[in-house]
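Below are two complexes that have chain A in common, paired first with chain B and then with chain C.
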Partner chain A sequence: MLLLKILFRNAFHNKLRSGLTILGIAVAILAFGLLRTVISSFYAGVEAASTSRLVTRNAISIIFALPISYAEKIRQVEGVKIVSWGNWFGGVYIDEKNFFPNFCVEPTTYFALYPEFVLDGLEKKAFLFDRKGAVAGRKLAAKYGWKVGDAITLKGTIYPGNWDFVLRGIYRGRDRTVDETQFFFQWAYLNEAVKKMAPVFADKVGFYMVGLSRPDVAADTALAIDNIFKNSQAETLTETEKAFNLGFIAMSEAIVTAIQMVSFIIILIIMAVVANTMAMTTRERTGDYAIMKTLGFGAKDISFLIFGEALVLTLTGCLIGVALTFPAARIFGAELATYFPVFLVSADTVYMDIAAALLIAFLAAIIPTRHAIRIRIADGLRRIG
Partner chain B sequence: MTEQKKPIVEIKNLYKCYHRESLVVPVLYDITFDIAEGEFLALMGPSGSGKTTLLNLIAGIDKVDEGSIHVGGIDITNLTETELAAWRANSVGFIFQFYNLIPVLKAVENVELPLHLTTLPKSKRREHAEMALSMLGLGHRMDHYPSEMSGGEQQRVAIARAIVTDPTILVADEPTGDLDRVSAEEILSMMERLNQDMGKTIIMVTHDPRAAQRAKVLRHLDKGYLNDAASQNPL
Partner chain C sequence: MALPLSYSIRNLWRRRLTTSLTVAGMALVVFVFAAVLMMAAGLQKTLVETGSSNNVVVVRKGSASEVMSSIERKAASVVEMMPEVATGISGQPMMAKEVVVLIALKKQGEEKASSHSNVVVRGMQSESISLRHQVKLVAGRLPRPGSLEVLVGNSIAKRFQGVGLQQTLNWGMRTWTVVGIFDAGNTGFSSEIWGDVDQVMQAFRRPIYSSLIFKLKTPDAFDAIKTAIEKDPRFTLEARRETKYYSDQSEMMAKFLRILGTTLTIIFSIGAIIGAMITMYSAVANRTPEIGTLRALGFRRRNILLAFLTESLLLGFLGGAIGLFFASFMQFMTISTVNFQTFSELAFKFTLTPGIIVESMIFALLMGLIGGALPALRASRLKIVDALRAAT
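Right, the complex of A and B next:
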């Protein structure tokens, strides 16, 4: 008990140094936590992906379309329960600064396939009956102050011109991991316009979303779908929604890797800071440790004091850092909702913060402890006075 | 003729040298002498004569190169580090020039510290510590930190810490070296009382002839050699 008292009092004896060290650890843990959350947000789509959904796209590239006639053939494949389709629209609201994900979809099947997008019954009905109707996520609507019934015009970047919509519904996520920044409208609306503008591009879809009867038939069903269109003009590549989303992340792999590296470099830097603090405190207390050894305390007791002090400092900093990560992530997520629609501090991130703090404490205390244990009592006593 | 007492410390053919990289620096040569139980011995000599080294060897905080030291019948030169630590905890009380109190502990906690290595329960530990401090006139200073006390008071706390475990021997390295004259006299009087009233064996290293005068026996070291004859303190 007295050793614990010494440990805690030692940890906060030099208030300025301990305070600055704790502040440094807190800031590092905050930065580490935010960077890990950025990485997690890249993978949010992957995490949220359903195991009972497949995505079928053009085998050459996602930028090439598939004929709408494939829908019926896909529906007939064993294991397929429901088929929906859509296109990336790529429109902007007012100007390029107001970017958000927007798709045209086949509305009836789409909302059946994605129960995580929760839409009020009446709003859904209104959306289905209005060819120019659109549905926006709750966060997106809040950002631009849209209300149901508002007229919204998007400027097409792939499909030129101004596209007018009437907001018929605002969806919310089934849980906090669902992206609430998307905008959907009817595929038929786009297709009818394309038929007039460039008939050669009509009756084409960017991707099919395929609902399965059971998740375990995913591999066989994907193969069966691709086999149907083998040697056709538009061969398909069918994969699980998770694999499809991972494919998108792979395009940003360099960025994700860079963020990961920076997050670990932060830990290394703070490890050096804590190691320096521990080296200084241990050097200052060489005499104290020598006295304790003189009185009969052993290496185990000295190690307990030094490792414990490092642990108290790093865990205090870690707890402050973790506590700050949540409000910081809320602010960060709100400011960058367009790029990171789901920006949530996960339990894994908190565990990694704590693991990082424990690792820092352990590694920072090794050398000072070794020094304190190995120094001869007579030499340690000479340092006093 | 003084009464022949049983020796509590027996030193035989002691050699000690320090190694500074490739250099070997001899410190003590062929030291042989006994210290009787209840003796108050002052080890004197010029700087570098080996007094503190000899004291450290007797107290088991340094290792001999050759020779043997028996304290209370135990050959401490053959003990392992762990055994030595346990032996020190039970058998030796330390008083240093710079008091060497733990700065983050209150006076009573500093005195209680060595008792944590005993089997005494918490309440008994506190009771013993308070008793030792009261005995040294520091009953009113128990909850003060070392930084809140004078040098003399800190040294009294150190003495309380040294005696609280009721050790076989007390070793003191320049116990008055950092004190003003009045405080030094107080400390020496206390040590005298510990020796006379409680029968504690005290081995004290000092430069100060006034401090040495309080000891019963004087021994002189010079350049690592012990002057053979122990002189009885004329006072």
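Right, the complex of A and C next:
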């Protein structure tokens, strides 16, 4: 109990230094937390993906389409409950800077397949009845101030020209992990226009979304679908939605790895700062430790003191850092909404913050502790004068 | 009369552990700072070097990349006959009508994973190679025109499965043989596969070109042909200088790196500045009697201020030098990732430029200066009597 009291007194003895160290740790933990959140946001699409859905696309690569006639064939495969399809539209709103994902989909089946996109019954009806109708996510609509009934024009990058839509509904996510920045419209609208413009590209589908009756038949069903179209003009590649999304991230893996590395470097930096503080504190207190040793305190007590002090500093800093991470993530997320539609601090991130703080305290205290334990009483006392 | 530099150096040496910990922290910050800049510079360099300012790229209006573009044969012939297009020795227009598609290939060492990367396949014509002076054959031979033979860029050959010499690839129900490997230096072409344009069109059932690349007859003819192409009512195409075209493609990625880089550096530098501050404050506290003695000897306040600032600047300098030293090794690393904008594979190197060295060094010195300013000020403000009294 006495030691504990000394420990706290020691930790805040030099107020300026302790304050600076705690501030440093708080900033580092904040940075670490933000970087981990960036990484987990990269994987947000994978986390949100369902295991009971498959995605079928052209085996050559995602830019090649599949004939619409495949829909019926896929529907006949055992284990398939529902088939929907869509195309990546790649439209631009006013300026290229305003990027958001936009697709055309087969509307009835799509909303049945994706219950996480919650659309009001009346709005859904209006969307289904309007060939030029479109549905936008809540965040997207808020960003551009769209209201139901507004006319929206997208400039096509893949399909040339200006495309007019009428916003018929605004969907919400079932929970906070759902991407609310997407834009959907009817596949038939696109197809009819393409038929007039370039008949070669008509009746083509970018990808099929396949709903399964049971998640455990995923692997067999995927194989069965690919087997139907083997050796045809357009071979298919079917994988679970999770694997499909993971494939996109794997492409930019180098960046994820770089961010991961950088997040560990910040821990190293702050470790150097804390180790420095601890080294200075113990050097100044060499005399104190010598006196304690004379009084009969052992190596265990002294290491308890030093480790405890390091822990008090890092954990205080960690708490402040974690508390700051949440508002910072909100600002950061708003700034980077184009890249990361879902930017949430996960519980894992907080655990990792605490683990990092413990690690910093432990490693920063080792050398000074060894030094304090090893020093001979006479030498230690001599340092006072 | 200023305090000699050796005074500051000796002080740093006296407190080696503290000095090295502070320097290590700063070096790490400078390392990250330099690495992010080097990454952005490498990306830019790769995409800028990919183009030549004498070449013009024509794509369909509004398409962000060649993959999305489509140009009909008829329109291509019209552009080919324009007077601003340079002609070769045998009188043929120096233009390549190309088709660009993406195919999914597996990277090496990822045999088990189902992940793929998108690689550009460029259907080329005989002029394609002569228009890109960076492209050099390093192994094998050129494909015969009209055959199912392909050339592979060296970044792809190194990193992907099944694209070595004489290996075969399967797309569009045909088998393609790799007959040559080319090196295009630090350009985006190194991350591409080149085959015969008509064969690629047939295999992927795209009876249209993606882009036209031609050389200008005179470098200043660009404005004339740009207006001629973009005003022509027969088609909706747009022309850009090749350099502009490729730097536009790096915009989104460069912006991402910039935002990430600035955020990181700001946060990291706060950590390092705090480290320097702690060190310098304790340097001042430990040397209070010494400062008193110096003052009593006749050194002025600004001499003391300067001495402590020099000391912290030295810390910054050391940190900067060590950080840059390690960052320079990053030049051996190549990043291979997907360009968000074109959705295709792109390999680029970390590039250290003189500008980055200067910027990093200024940044390091600035960290030292900011960290040392308050402690140095405190040292110079000490009263002689108080400082001397602290000795006992």
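Everything below uses one rule, namely that the second predicted complex is superposed on the first by the 385 of 385 C-alpha atoms of A that agree within 3 Å, B and C clash if a C-alpha of one lies under 4 Å from a C-alpha of the other, contacts with A are read in each partner's own complex, and residues count from 1 in each chain.
Just so we're on the same page, a contact is a pair of C-beta atoms (placed from the backbone, for glycine too) under 8 Å apart; a residue touches a chain by one contact, two chains touch by 3 or more.
Worth saying up front: this structure is predicted, and the values here are computed from it rather than measured.
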- Task: Answer with clash or fit: chain B and chain C placed together on chain A by superposition.
- Result: fit
- Item | Residue contacts on chain A - larger count, chain B or chain C | C
- Query: After superposition on the shared chain, which partner residues are touched by A:Ala112: those of chain B (first), chain C (second), both, or neither?
  - Reply: neither
- Query: Given the superposition on chain A, what is the angle at the CA centre of chain A with arms to the CA centres of chain B and chain C, as a multiple of 10 degrees?
  - Reply: 90
- Message: For A:Glu253 in the superposed arrangement: first (chain B), second (chain C), both or neither?
- Response: second
- Item | chain B versus chain C as contact partner of A:Ile94, first or second or both or neither | neither
- Query: So, does A:Thr294 touch the first partner chain B, the second partner chain C, both, or neither?
  - Reply: first
- Message: For A:Gly156, using the defined touch cut-off, is the partner it touches chain B, chain C, both, or neither? Pick first, second, both or neither.
- Response: second
- Query: Does chain B (first) or chain C (second) touch A:Ile377, or do both, or does neither?
  - Reply: first
- Note on the structure: Minimum Cα separation between chain B and chain C after superposition, in Å, equals 9
- Given the complex, residues on chain A that touch chain B span 1-3, 5-6, 9-10, 13, 287-288, 291-298, 376-378, 381, 384-385
- Item | chain A - residues contacting chain C, complex | 16-17, 20-21, 23-24, 27-28, 30-31, 34-35, 38, 59-64, 90, 92, 96, 99, 155-158, 160, 198, 200, 231, 233, 237, 239, 243, 246-247, 250-255, 258-259, 262, 265-266, 268-270, 272-273, 275-277, 279-280, 332, 335-336, 339, 367
- Across the complex, what residues on chain B touch chain A? 53, 56, 59, 61-62, 82, 85-86, 88-90, 94, 96-98, 100, 102-105, 109, 112-114, 116-117, 122, 161, 178
- Message: Quick check on the complex: what are the chain C residues that touch chain A?
- Response: 17-18, 21-22, 24-25, 28-29, 31-32, 39, 60-64, 67-68, 70, 101-104, 110, 113-118, 171-173, 204-205, 207, 236, 252, 256, 259-260, 263-264, 267-268, 270-272, 274-275, 277-279, 281-282, 335-338, 340, 343, 345
